[in-house]
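Here the chain labels run A, B, C and D in written order, and each chain numbers its own residues starting at 1.
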Amino acid sequence: MSKVYASAATALTDVPNGATLMLGGFGLCGIPENCIAALVQMGVSGLTCISNNAGVDDFGIGLLLRQRQVKKMISSYVGENAEFERQLLSGELDVELIPQGTLATRCMMAGYGIPAFFTPAGVGTEVAEGKETRNFVSNGVSKAYLMELAFEADFALVKAWKGDAAGNLVYRATARNFNPLMAMAGKITIAEVEELVPVGALDANEIHTPGIYVHRIFEGKAYEKRIEQRTTSKV
Amino acid sequence: MLSKDQMAQTIARELRDGMYVNLGIGIPTLVANYIPGGMQVVLQSENGLLGMGPFPQPGHEDADLINAGKQTITTVAGSSFFDSATSFGMIRSGKVDLTVLGAMEVADNGDIANWKIPGKMVKGMGGAMDLVASAKNIIVVMQHVNKAGQSKLLPACTLPITGKACVKKVVTEFGVFSITAQGFLLEEIAPGVSVETVQNATLGRLSISPTLSQLHL
Amino acid sequence: MLSKDQMAQTIARELRDGMYVNLGIGIPTLVANYIPGGMQVVLQSENGLLGMGPFPQPGHEDADLINAGKQTITTVAGSSFFDSATSFGMIRSGKVDLTVLGAMEVADNGDIANWKIPGKMVKGMGGAMDLVASAKNIIVVMQHVNKAGQSKLLPACTLPITGKACVKKVVTEFGVFSITAQGFLLEEIAPGVSVETVQNATLGRLSISPTLSQLHL
Amino acid sequence: MSKVYASAATALTDVPNGATLMLGGFGLCGIPENCIAALVQMGVSGLTCISNNAGVDDFGIGLLLRQRQVKKMISSYVGENAEFERQLLSGELDVELIPQGTLATRCMMAGYGIPAFFTPAGVGTEVAEGKETRNFVSNGVSKAYLMELAFEADFALVKAWKGDAAGNLVYRATARNFNPLMAMAGKITIAEVEELVPVGALDANEIHTPGIYVHRIFEGKAYEKRIEQRTTSKV
């Protein structure tokens, strides 16, 4: 039973309309470019996307927004995207904003089989509305926390640097971000990698995502890896 | 009046050897330029990096290596990468010693608002709610008044808040304010600024420290 | 009657290509010897390893590389190491397809007891409670009766339980039993064992499958 | 402000009687041998030890038990130790047995600043006594879970393979086990490493414990790395 697929198109073929997807990446860093391109190509619609950001107008999840494929975004920060803002204000798009640490942890908890946990982020704010607030004593100090639930996602689409046919993944630098968390969390996890290496080539000590979490893997093509804010030091 | 760089420099006086610090986008980022020589301060970037270095030399930008403001950066020796849950885990568990961030409004009880303007701006809170709910020491650096000339130091936030009673100190172009049970306490005043100017620009409860001093950098 | 190896071999028939499997200490460990050729089955060791291989050759033992029974082991190509929280995370989230473990008692509702004999044994539950609370498919392999000759397939556990209504199947030297709403269902019987022998050795509710067959290995 | 200490003795000097300690390791694999030896040498007593196991009679935490330095053990499995059993049955030693995954996760949650979470382990058993049981729906199925709390520990004593002066740690093979979780969880975390390498020698991508968690680090000496169950294949 091979996990290896030839392309994004073959790996994503059963993603239906209305699916809930997790998409890795922070800004445009470490996003599953090939998977997004395949979703655009497929034209699948009514998607709920859990992703820290919503891309920019012409790249990343912005490409899905432009095609009106997204019904709902669950994110922590959705600036940098004029089309997003237009759809949101016009009511075409539903958006749920979540503190970034809560978003990351709700993915992780799905992977850990922990249905609920307590976090201080958002206590006393809009984010707390409708949620259980409860005090716990930590280091002798009582403090209020919100109960948050693990996410559920039909598919997690993640991007890694290297991977193997066993599904093991290694990320590079800050392109790691949400990818390993979402990889743990998808009912079906699809990983695209810059380089598919032979099984045994990755050091077992250095694997970020053990293969058990990854159901499908393919070597991506033609990565653009666009830089959102190119900043440099004065020479 | 302090320049943005002087505001950053003012905050840099809070740094201590061995500290782990998270700097928000904007003026907070400038604090990195004023880490005293010989002092070991490790910068955390909440997208998954400890040991952030300066911007890269032109031509050395790496798309896989950015900060929380999505800017290309570098790392210093001894840095480490990790996922976003670990990153906010270290923030929540109090391992980050100091958080510096900007704000739209600060209330005299330490409430902060910096993520939403209803009907106008829907960008989201990013990591700010996690940071303000967890950091041991939170300093806000911001202009004293907004573009419309209205005070940003208020009796209560008018915008949706990011966190409750969490800000410990505010630095504006007018000086340094602690948050106390009696509201804002002006502790240091910027050169060329009068107490009356501060009073006129502050809507929240304001008291003047009996040991008020002029800010020296 | 089945030998221990035959009991392991019986369970090995449950294996499917691509499965991730956690094998407990004792007879469950023997299942690894009967993975059908050409089938990819990955063994998880809950102390932090996916891709457990056989015991090392003499002289190649590595103190840093052990299984959950603290035995020196090896790894296969494609293995990965991780911490204990990740390990139980993959168990809890249902990524481990099959768990095989021993037991002191199994009740006819699927309750299992295998961690404590009050006043006598206080070793602890190790990872057993996590495994039985989470695994998708739990098979118990054990002797049908204890050393005192008493049935271990009971109407209710007499020892403190490890988990409630979680066991799906029991393999003993007498045969293969499913746990159903009507209690133990004898589905396959070991060669040379009579239904009466099974009935006499089983205290829990027992029914005999209308399609009862003799176990072939 | 250097994190580097010359020895276990200097790194542990302020561990007081009655302290709550976390000690890494699974069985005798990956245990902080030098730290344990220093605790024996110091004679500190009344300790509460959170550790998956309790060592064997003459090694690991067994050395502390033999000296009656331990008041309470919090573990998942404490077989293999006759002295332990004697002290427990005679009432000299208090023991709290916890499912292994819960033990690991309670350490991790301390490091994540999450005071409480829900796990299915132990529902309906003795472990559930006095704890909140609550149902959550996951993938359409309602299931019962126990609420468990994050641990608090004064000191975490962990063992790594390599480390640097910034406190970054890398573990080897299954000697990782509880070490990175406890490293995150201690109010003061003390790491002993087989090899202290120069800052910059560890690849930032491959660090298991970021230095922020580690307060003190030293290069350990004379590791015995005893094997508990030496098992080999027939040649």
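Assorted remarks:
Assume a residue touches a chain if its C-beta (ideal position, glycine included) is under 8 Å from a C-beta of that chain, and two chains touch if they have at least 3 such contacts.
Remember, it's a predicted structure, so these values are computed and weren't measured experimentally.
Of all chains, the one whose Cα centroid sits at the greatest distance from that of chain C is B. Inter-chain centre distance (chain B to chain C, centres taken as mean C-alpha positions): 56 Å. Note on chain placement: the centre of chain A and the centre of chain B lie 28 Å apart, centres being C-alpha means.
Here the spacing of chain B and chain D, counted between their Cα centres, is 36 Å. Across the assembly, chain B contributes residues 81-82, 85, 88-89, 91-92, 134 that each touch 2 or more other chains.
In chain A, the residues that reach two or more other chains under the touch definition are 105, 112-114, 119-120, 171-173, 204-205. Taken as a graph of touching chains, this assembly fits none of the simple shapes: it is neither a line, a ring, a star nor a complete graph. Contacting chain pairs in the structure are A-B, A-C, A-D, B-D, C-D. Residues of chain A touching chain C in their complex: 1, 110-114, 164-166, 168, 184, 199-200, 204-205, 207, 210-213.
Chain B contributes residues 45-49, 54-58, 60-67, 69-73, 81-85, 87-89, 91-92, 116, 122-130, 133-134, 160-164 to its touches with chain A in the complex. Listing the residues of chain D that touch chain A in their complex gives 105, 109, 112-120, 134, 136-139, 143, 145, 149-150, 152, 170-173, 187, 204-206. By the touch rule above, chain B contacts chain D in their complex via residues 17-18, 20, 40, 42, 44, 50-51, 75, 77-82, 85-86, 88-96, 134. Here chain A touches chain B in the complex through residues 26-30, 52, 75-79, 85, 88-89, 95, 97, 99-105, 107-108, 119-127, 161, 171-181, 208, 225-233, 235, going by the rule given at the top.
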